[in-house]
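In what comes next, chain A is part of two complexes: it sits with chain B in the first one and with chain C in the second one.
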Partner chain A sequence: MSYFSDIYKGIKTLLTGMSVTGGYFIRARKGAITQQYPDNRETLKMFDRFRGEVVMPHNADNRHYCTGCQACEIACPNGSIEIIWDRVVDPETGKKKKEIDKHIYHLAMCTMCGLCIEACPTNAIVWAQNYENSVYDRSKLTKILNQPGSSVLDGIED
Partner chain B sequence: MNFLQMIIPLNITKTISDWIYSIMPETAASYTIMVVIAVAYLALFAVAGLYLVLLERKVAAWFQLRIGPNRVGPWGLLQTMADALKLVSKELTSTTKIDKFLYNLAPYFVIVAALMAMAVFPFSKQFQAFDINIGVFFLIAISSIGVIGILLAGWSSNNKFALIGAMRSGLQTISYELSVGLSILTMVLLTGTLQLSEIIEAQRTGGWLILQGHIPSVIAFMIFMIAGTAETNRAPFDLVEAESELGAGFHTEYSGMKFAYFFLAEFINMFIISSIAVVLFFGGWLSPFGITENIAWFPEVIWFLIKVLGLIFLMMWFRWTFPRLRVDQLLTLEWKYLLPLNLMNLMLMAIVIWLNWTI
Partner chain C sequence: MTDQQAQNKIKTEEYFINMGPQHPAAHGVLRLILTIDGEIIKNVEPDLGYIHRSIEKMCERDSYQQIVHLTDRMDYLSSHINNEAVCLTVEKGLEIEVSDRVKVIRTIIDELTRIASHCLWWGVMGMDLGALTTYFYAFRDREMINDIFEETCGARLTMNYNVPGGLMFDIHPNFVKRTKDFIAHFKTKIPEYNLLLTDNVIFHKRTKGVGILTREDAISFGVSGPVARGSGFSSDVRKHHPYSAYDRVDFKEILFTEGDTFARYQVRMMELWESVSIIEQLIDNIPEGETKAATKAVIKLPKGEFYQRVETARGELGVYINSTGNKNPYRVKFRSPGFSNLSILNHISKDVLIADLVATMASFDFVIPDIDR
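This part shows the complex of A and B:
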């Protein structure tokens, strides 16, 4: 005769559920997860895993890690990345080597899949956590990731 | 005339009624008073319904760790007013193949049935529009009318989602009406009267009915709250609307003010179910332990509202905790569990009263 024990179990599990949500209700005033976005624009920071756009970090001497290997360009499934590169002669060793002229990134086409970042052997490109990416003109979404006058950091190719 | 009668609404209404009687013949005056009271109730409960919507949204937000409406007015207090204004000003759209007469009639059935039930509640000793000796019976009868409106809405919309929702509503209300009625009957056994004001008077000396009837009363209360939630078509019994399955159920084709009537009626129905529970189990406007019984100027309606809001919160807690039942689970719950338990409980209550085991 499991009739009454079923009722007892049913009520018990319902009360368990209600105690869980009741706990949330009591804590809601302190731990609300809502971001009141335009108001807290200065302090709002996105979490680390957020994929805002692809950027190329530069150090203080305007040097980056990109060797121009084009692995990201090959990895990109829809051609959001274009690399314009050149062959220059290294003044120290006298060998010819590849150097990027422009690392062009089309944010408008990017699906944020992250394959380029996984493909990069030198971690030259990373995700940025910015989120206000709207612009009035579509051409502004085509970005050149390497800063003007920057060059690759020595010894990265090795 | 003491201080007490200066502030209690009785006197205001008495002054107004004396004035109306003085300016027109007796029959006309009594009809005018009825209209005035009806309009006052309509305004009062429309606003109360709006604030219940706001409360629901706030409570829902807090259950989900959100903040809720906080932009319109201080703490979002004017949010639902703004929503109502928007709904009033919206165009009433309809499809071409509807049954026009029934389609337009349906919302009024629902809202009128909800507002009619408000008439018999004793909010305080004086604040009661219509004190009839079959009050409880009247409430059960009126609460069944609303489902006709829902059925009409679903049928006349000529929309399969609306029709499915309406049919589910019929099925659900007819089933759960039994449990509501029987659990009310259990408490009526204890009081021996159907008049709501006398039910409250019976609790003045012996304590609230949920204490007087102890075990059978508590069981009756639990059954009443479950069946009452089903009666108002709220989650977890919201198969009628069932957003994920039926669009919006029976009111899919409604817009503007007609939709607002359905929406408001849901919240007024929730208020009604809570009010019945407060009158039958928690002593209506009586203060706990009689703490304000001797304070003459204390408005007893506050106790009534506090208790009602407590029970409304309980129903909202149900809504934001439990997932929706399937149709077969809904019927299993009613016919295999609530109904037999209710009949057993009725017998238990009869035995308790027969052997004088009440407290």
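This part shows the complex of A and C:
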């Protein structure tokens, strides 16, 4: 007798489960459909805080906010940031001032922890919302964040 | 000689096979050396080290702020709770009191993490037992939580939102609304989960009476989390040693006494309801306050030992820091729930079928990077 009741129970629970999936099959709305990812690149927008990669914004005159204080380099847990800097004599005051030559960022080593951006006193580096970072050659993942010929904005002190 | 006598004369030999390191039911690089006789398991010997990254050693190199992001990579399904464990330990050492706002936000995100982790576990448990549909349903709902995390923390899995002294930045303006939307949505989905899998007779037959873990064994092997609570061992750190805002919310510790795979399953399913209720109690009145207590740029813990434990989705995570007063810790030790839970596996899967071992392992909810670290 339990043989037949087992079969009955088995079929009953099978139909219960199928009523859920069948319900979705009939009532499938637009929201329930998977994103068509590579085809929706134009409309796909990441959240503002999304950690894509570290970038250094420059203004229209090719000026940035980085004073070369190296706080980001110290904060980075795995050495993804290297700063090559020099002391340059200010022609007006005659004082020596730190200035960056290259702000090197190794995207391949970056764990996207966000400690460098937290540490930056002048908000010179920010997160970009890129999400397609794959390249064919890993040397392309070593980026120089300051643009050629750029300099620090006047009046930015760390 | 009759057939029966001939069968008795056949000698069987034990042999061993590897389950893993690449096995779909192991959810990671866990290698189990099975000694089997036919299809009956005689011995299970876990072989670890395939994803060892020496996180504890790396912690000795890093400053206290930098340790936090490494713990993301241990139990990646409860990364926020791991981060919180380190931050609580450092805050204990520095004797900082974080604001109520930080405590409440941390608790809400903890519980969201727990729901996300249990969702993944539920989907994967169904998949291990041959029900693929559960996987899609669970991931659909987990996606909403991941969106909440992405909007507020900036990342979906390795969030690194906690810093010693508070939070990296305040919650996103949409956080409260999105969380409420999710809770309203998820409350209608848990009954659906039950219809799909919990009430299924085939699922009962696969899980009831399989992999029975007694309360005494659970205690003596140091098992924690839902696995221990499925055996009736009350071990919830949130209840017994409340941290963050858990002392101001009202929730039940789920206990089942059967100790089998189905009991462990039910504990997690009931915990989903408890997590939802905790979030509902906190989400409407997040107190105002600062999100980060003032700390020095270089944190130096005083000389001594500090220990803090938290309840992750898998069980009790303990963080031990031994400091000599420098900016780096002298020794960091993580007591991870997965490692202790794995130690019981051989004990409870003797003389069972291989298929039952898969069911047992699914109910243990192993995350291998948590075991290896």
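In this section, the second predicted complex is superposed on the first by the 124 of 158 C-alpha atoms of A that agree within 3 Å, B and C clash if a C-alpha of one lies under 4 Å from a C-alpha of the other, contacts with A are read in each partner's own complex, and residues count from 1 in each chain.
In this text, a residue touches a chain if its C-beta (ideal position, glycine included) is under 8 Å from a C-beta of that chain, and two chains touch if they have at least 3 such contacts.
Computed from a prediction, not measured in an experiment: that's the story for all the values here.
Undergrad: Looking at A:Q36 after the superposition, I want to know if it touches chain B, chain C, both of them or none. Which is it: first, second, both, neither?
TA: first
Undergrad: Of the two partner chains, chain B (first) and chain C (second), which one does A:G17 touch, if any: first, second, both, or neither?
TA: The answer is both, since A:G17 touches chain B and chain C.
Undergrad: Does the superposition put A:Y136 against chain B (first), chain C (second), both, or neither?
TA: Touch status of A:Y136: no partner.
Undergrad: Thinking of the overlay built on chain A, is A:F47 touched by chain B (first), by chain C (second), by both, or by neither?
TA: The second partner, chain C, only.
Undergrad: Of chain B and chain C, which one touches more residues of chain A?
TA: C
Undergrad: Identify the partner contact of A:A28: answer first if only chain B is touched, second if only chain C is, both if each is, neither if none is.
TA: After superposing on A, A:A28 lies in contact with chain B but is clear of chain C.
Undergrad: Once chain A of both complexes is superposed, is A:G114 in touch with chain B (first), chain C (second), both, or neither?
TA: A:G114: touches chain C, not chain B.
Undergrad: Residues of chain A that sit at the chain B interface in one complex and at the chain C interface in the other, please.
TA: 14, 17, 20-21, 32.
Undergrad: Provide the residue numbers of chain B that touch chain A in the complex, in ascending order.
TA: It is residues 59, 61-67, 317-318, 320-322, 337, 341 of chain B that touch chain A.
Undergrad: Would you mind writing out the residues of chain A in touch with chain B in their complex?
TA: Residue list for chain A touching chain B: 7, 14, 17-18, 20-22, 24-25, 27-29, 31-34, 36.
Undergrad: Inside the complex, what are the residues of chain A that reach chain C?
TA: Touching chain C from chain A are residues 6, 9-10, 12-14, 16-17, 19-21, 32, 46-47, 49-51, 75, 77, 111-115, 118-119, 127.
Undergrad: Quick one: which bits of chain C touch chain A in the complex? Just the residue numbers, please.
TA: Where chain C meets chain A, its residues are 62, 65-66, 68-70, 133, 140, 150-155, 158, 160, 163, 168-169, 172, 192, 195-197, 199-202, 297.
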